[in-house]
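The first chain written gets the first letter, and so on, giving A, B, C, D, E and F; residue counts start at 1 in each chain.
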Amino acid sequence: MTRILWINPVGTNADDSPMGEELRREASPDTRIDVCSLPGAGPEHLEWNALEAMVAGPTMGVIRWASEIERYDAAVIGCFYDPFLRGARELAGSMAVTAPAEACMHIAATVGDRFSILVGRQKWIPEMHQNVVKYGFADRLASFRVLDMSVDDFQAEPETSHRRILSEAELAVADDRADTIILGCTMEFGFYRTIQKRVGVPVIDAITAPIRFAEFLASIGAGHGWVTSRVSGYSSVPPRELDWIPVVEPVIDIDPRR
Amino acid sequence: MTRILWINPVGTNADDSPMGEELRREASPDTRIDVCSLPGAGPEHLEWNALEAMVAGPTMGVIRWASEIERYDAAVIGCFYDPFLRGARELAGSMAVTAPAEACMHIAATVGDRFSILVGRQKWIPEMHQNVVKYGFADRLASFRVLDMSVDDFQAEPETSHRRILSEAELAVADDRADTIILGCTMEFGFYRTIQKRVGVPVIDAITAPIRFAEFLASIGAGHGWVTSRVSGYSSVPPRELDWIPVVEPVIDIDPRR
Amino acid sequence: MTRILWINPVGTNADDSPMGEELRREASPDTRIDVCSLPGAGPEHLEWNALEAMVAGPTMGVIRWASEIERYDAAVIGCFYDPFLRGARELAGSMAVTAPAEACMHIAATVGDRFSILVGRQKWIPEMHQNVVKYGFADRLASFRVLDMSVDDFQAEPETSHRRILSEAELAVADDRADTIILGCTMEFGFYRTIQKRVGVPVIDAITAPIRFAEFLASIGAGHGWVTSRVSGYSSVPPRELDWIPVVEPVIDIDPRR
Amino acid sequence: MTRILWINPVGTNADDSPMGEELRREASPDTRIDVCSLPGAGPEHLEWNALEAMVAGPTMGVIRWASEIERYDAAVIGCFYDPFLRGARELAGSMAVTAPAEACMHIAATVGDRFSILVGRQKWIPEMHQNVVKYGFADRLASFRVLDMSVDDFQAEPETSHRRILSEAELAVADDRADTIILGCTMEFGFYRTIQKRVGVPVIDAITAPIRFAEFLASIGAGHGWVTSRVSGYSSVPPRELDWIPVVEPVIDIDPRR
Amino acid sequence: MTRILWINPVGTNADDSPMGEELRREASPDTRIDVCSLPGAGPEHLEWNALEAMVAGPTMGVIRWASEIERYDAAVIGCFYDPFLRGARELAGSMAVTAPAEACMHIAATVGDRFSILVGRQKWIPEMHQNVVKYGFADRLASFRVLDMSVDDFQAEPETSHRRILSEAELAVADDRADTIILGCTMEFGFYRTIQKRVGVPVIDAITAPIRFAEFLASIGAGHGWVTSRVSGYSSVPPRELDWIPVVEPVIDIDPRR
Amino acid sequence: MTRILWINPVGTNADDSPMGEELRREASPDTRIDVCSLPGAGPEHLEWNALEAMVAGPTMGVIRWASEIERYDAAVIGCFYDPFLRGARELAGSMAVTAPAEACMHIAATVGDRFSILVGRQKWIPEMHQNVVKYGFADRLASFRVLDMSVDDFQAEPETSHRRILSEAELAVADDRADTIILGCTMEFGFYRTIQKRVGVPVIDAITAPIRFAEFLASIGAGHGWVTSRVSGYSSVPPRELDWIPVVEPVIDIDPRR
């Protein structure tokens, strides 16, 4: 059994339960997924980088809780900006940590030649583009396409979401020569299967992909010792500095099969 | 149960059995791995690109056999040059196909910042470097390092292999700032665990990594429909052309647990 | 006198004679050009990478025949995917080997700033794009443009070909800021002069360019010893491995002036 | 008069006063520089990315305080990782914000062809290298060189610092063909003038460069309206989200000339 | 007081006086700006690279005059191709030298994520694109957009200029996702403020930006010794070679406040 | 018969005659090569960019003379910085123009995977490196190596030249994994054959390569109309501007076979 913590790095647990149900449907049968969000009031989405900054500290605390107290096998930081991934890995010991953009792009680059990323707002593109370059997939990027929807809209207006995602996915294939689609926000969950059937290309879902990639990382870590390298850029935070990073217990939606 | 075919694209089955044993030890418990090589006489290694060319045709035939007749869930083309990966994917239908360099680099780029690839001969480097660039990991490459051994030497002289791999891995970490090591030949199998323990960084093994990555691809294909996209560069070979690609039944070492 | 072998790496000689006539018109007066194709049945075009793989072995055999038995000064592998160029060079000794994409891009990058490549099908683009990157000309690529024609259509429907090539060439100049056009398939031969006159920019032909580049390479090899370097990635296949690469005598259309 | 806030994004004000003195010596005569650090206990340096994450939130709060309450003309986030620069700019309205790596590299790329960055620990390099790429200066990077000193050591052991910086700067010029040196930590302040005289190349100081660049940005913002663009990736945080980012009043060392 | 020489590297002084007035309005109050052009007949614009070549020699002579005789603090070579910048720096001793493209791009890359450059003719793009790459900002380039106007048209037809610049600036923001505009010709001066107000993004002016950047470079040179590095690619022309570069006294429009 | 003008863009004809003899030995038998230099006093080498600038104008005039009056088939601008190549092409009509770095790199990238360039002084490297990038061969560059000799030394001290070139060429192959050597100065002529024999890799000579490449360009221009494209960056200088570029008759060493 693999135990994974999905962290919604926001100050609301409104999406934890439905997202947890979807994640458990999509993950491997022997994976147990708890979904959590940050305790106390906080931003409800991270569309602005300044909002990401506000949840950086508590997220580090949750990573410590997940790794040191609860000993999860893996954690996912559930935002397509992949925030604080380096910091989380410094803290995570042998627990694997990944995030949506990383997972989606590694998969998309394997099942196709060129992908388009469907984002809610143009505002998101520059920061996400820097991640595309950082991960090495700039040559694989067919386009970003803008859905003109906010994070909160995707689940609130599912018909609009479905229609907009379908429309932009089809244009990405027809006009930008994408052969693979990435949904560029975790809140676009629940749509990929029908879109994929309609468009006829792989549609990589921003919660399913990282949960499956997290399982994979947990498995190769446990099985082969392929865990985050500690000799250079991901060296562990030394004990004397850990006091600055208090453990944070999140608000949590426990996998009922646990 | 996931059924994977490991294809040694060479005209000798001398390594199939020991490699199969190692693969079965390293893979997931519910994976069944058959190891095969090409029927008839043929090159015993692929150090030269012209030798790769000689096995291209039969390898395509084996892919058809694996996909259409035997219906494996995944296949691995077992050479670190990742030969004919595009062609194999065109033929593979819903069967996943991967190869060592692709699998090793995706993993190395996730568990570390910079990797070194340990190759047998300098001769191999330019072709492999083109793959590093093609996969998007040029910025992650710390170095290639040359072991000055041929493909056939690795298993024939295990002590030399161990000593040379250890020495170059340590130099890669100390001098090239690599934080991850990739073993750049499938025949370097059997050494990674002890080297990893000695050097203290992840050492990605060229047969273990692709077998695990193949399991992952098979799983996301079956579970989510994330299989090779067919709308552009990986479009399937149409039936009218398939006659030019006769099915080839390989020499095979069957997983005893099957 | 320079003797060049043009290899159509396909299992039909249907185009050898007309292509030979065109090549002899376009080449230098003191060049003798034999055009050959592969013996036995085989794919009639290489639009799929898997079909390329099927002709890889025989093509290597023809390279040996051309280099060791017939002692041509140069050979061209006549497909815009530039298949097996590294393998062919390993085998070719002092015989020069080139291929259409390499030749066209080196010329286009010299007579202009940005080129567009006119391909038959979108399917071809990803593999060809990898070659653009590999050769170093990614910054020079204005666009790929799709003619929506198959390899077999170009000579069968010359009026359609002419019309489609003209149309896309004009759009490449007007919309993509290309100042040079490359015809991205050898079977687009016979059209470049009229298109060039109409569009007013250099139109680099996929059979003329490599035959002229082959002459050039043969000349600098013979005159200055600038032949394929043997110390690293293009080291020669050693004699002990040559048995795996049987000499193949092709079906051949001999230059009548020979 | 230009008013600039230098933010030491750490939980100690131990360096604020000496750094302020140095900054005031180096800045333009009509610039007033207040130096602040974060209130409450917190990390004393940011060598680990997880420590950066812990100060992200308070730093955003200080940016709001600086921009909305105190109306500084510019702010500098005083860490060579350039943390949270995007978030800070989203919040800063017409106040300019910059950071050391950005400022140093823009200057170094103008006064020379190739620079080396002298860092304390190898640990820092991967994150800083990502910034080099992000800012566009990868082709200008001669090398990173490691001083083998921690952030706290630089001011505590000035003779060692001077000796180590001098030694690595000379090696960067001699061995790596650097023609410009960047000091890759703000705490390396106070050394650049003597090193520069000894080595004979520009030595860009990690506190002087950003304070001067901040003056420049403030000046072109006020004079020409060249302030952070708000239409895309740097769009302002909307009022409804600002509640999640409480204003933070820092511990402050006021410019005595104020 | 900072003394800057703006060099119009052309054989007409027709624009010197109006440009000088504009420059003095835009520069810092304590900057004195003399505007000069080349003595004798010569090209009146540099749209063709061959025309640039014709003014290369006299421009070097003016740089010597400015640096050695008049001892300006900085000089700007006033053409958006940034011609002869390396040569000018070799000659300039401690005088700073910059040029419009360099200055505009460094500023644009700081106040935004992506810029578009508005040029007069498509002809200009390839040479300017090479500068974008050389300066490291290829990833920041949203587009070049063509105004279809010649250098001489901009001031002669101000209403057309304003209309065309506005139109293309708006399209760059709407269609190319530019968040910053660069005016790609010095003769586009006088328009940026109104365009900027209308479009709502920073519009970087090709004379204002380099004059402000020149002030900055002069200031950091004088204040911190950050002048052109002399140890490698910008080494000074040795005295024995200076005879080949006669001092040239330009036609000059003196700052009336001098 | 192909008539080529080799232009030594310097104010001395001291090397014209010996260089002409060498060029005529190396070129095709039916090529006639006149070697010229600039009339009047001028720099004797172009090691500094400011010296390049001084010869820019006269070189343009010689290009006009060569193209319009003497109607050469091709011209070579004989300096490894490839100075003014764009301007020369604007003026050259149907005459081909090339230069050493362009020619050497196109050849080296075809006969090998990675080249090293042997330069006289470190000073030369940054400007030459920008050309490597501009031509697209950055991934092919193994290294620059410095001979520590000036332009004037190469022919004056042939034994030292031979020894230094041999030594650095061997190190480039052994330490930098170069498989091809480029001599990075035209004045290194006369050495390549013996060095090539000793080192065992292609050694591309900086006068032989461009003369052969010029023959090739002249031939494909005349035979196929593949001359410089005139629709964009290389558009011809219009007649109304040509008055600014007076024709210059050079000092010339005529091919005695003419």
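Just so it is clear, contacts are C-beta pairs under 8 Å (C-beta built on N, C-alpha and C of every residue); 3 or more make two chains touch, one makes a residue touch a chain.
Remember, predicted model here, so these are calculated numbers, not experimental data.
J.: What are the chains that chain D and chain F both touch?
T.: Touching chain D and chain F alike, sorted by label: B, E.
J.: Tell me, which chains sit next to both chain B and chain E?
T.: Touching chain B as well as chain E, we find A, C, D, F.
J.: Report which interface contains more C-beta contacts, comparing A-B against B-F.
T.: When the contacts at A-B and B-F are counted, A-B has more.
J.: State the superposition rotation angle between the two copies chain A and chain C, fitting on C-alpha atoms only and giving a multiple of 5 degrees from 0 to 180.
T.: Best-fit rotation on C-alpha atoms: 120 degrees.
J.: Please compute the C-alpha centroid of chain B, do the same for chain D, then give the distance between them in whole Å.
T.: 45
J.: Distance between chain B and chain C based on Cα centroids, please, to the nearest Å.
T.: 30
J.: Give, as an integer number of Å, the spacing between the C-alpha centres of chain F and chain A.
T.: 54
J.: Which positions in chain B are in touch with at least two other chains?
T.: Residues 113-114, 122, 125-126, 133, 138-139, 177, 232-234 of chain B each touch two or more of the other chains.
J.: Following the definition at the start, I'd like every touching pair of chains, please.
T.: All touching pairs, sorted by chain label, are A-B, A-C, A-D, A-E, B-C, B-D, B-F, C-E, C-F, D-E, D-F, E-F.
J.: For chain A, which residues count as touching chain E in their complex?
T.: 122, 125-126, 133
J.: Chain B touches which residues of chain A in the complex?
T.: It comes out as residues 26, 28, 98, 102, 106-107, 109-114, 135-140, 173, 177, 179-180, 192-193, 196, 200-202, 204-205, 208-209, 212, 216-217, 219-220, 223-234.
J.: With touch defined as at the start, can you tell me which chain B residues reach chain D in the complex?
T.: The contact residues of chain B facing chain D are 113-114, 139, 177.
J.: Which residues of chain C touch chain B once you look at their complex with the stated criterion?
T.: 11, 41-43, 48-57, 59-60, 84, 86-88, 90-91, 122-127, 130, 133-134, 232-235, 237, 241, 244-245
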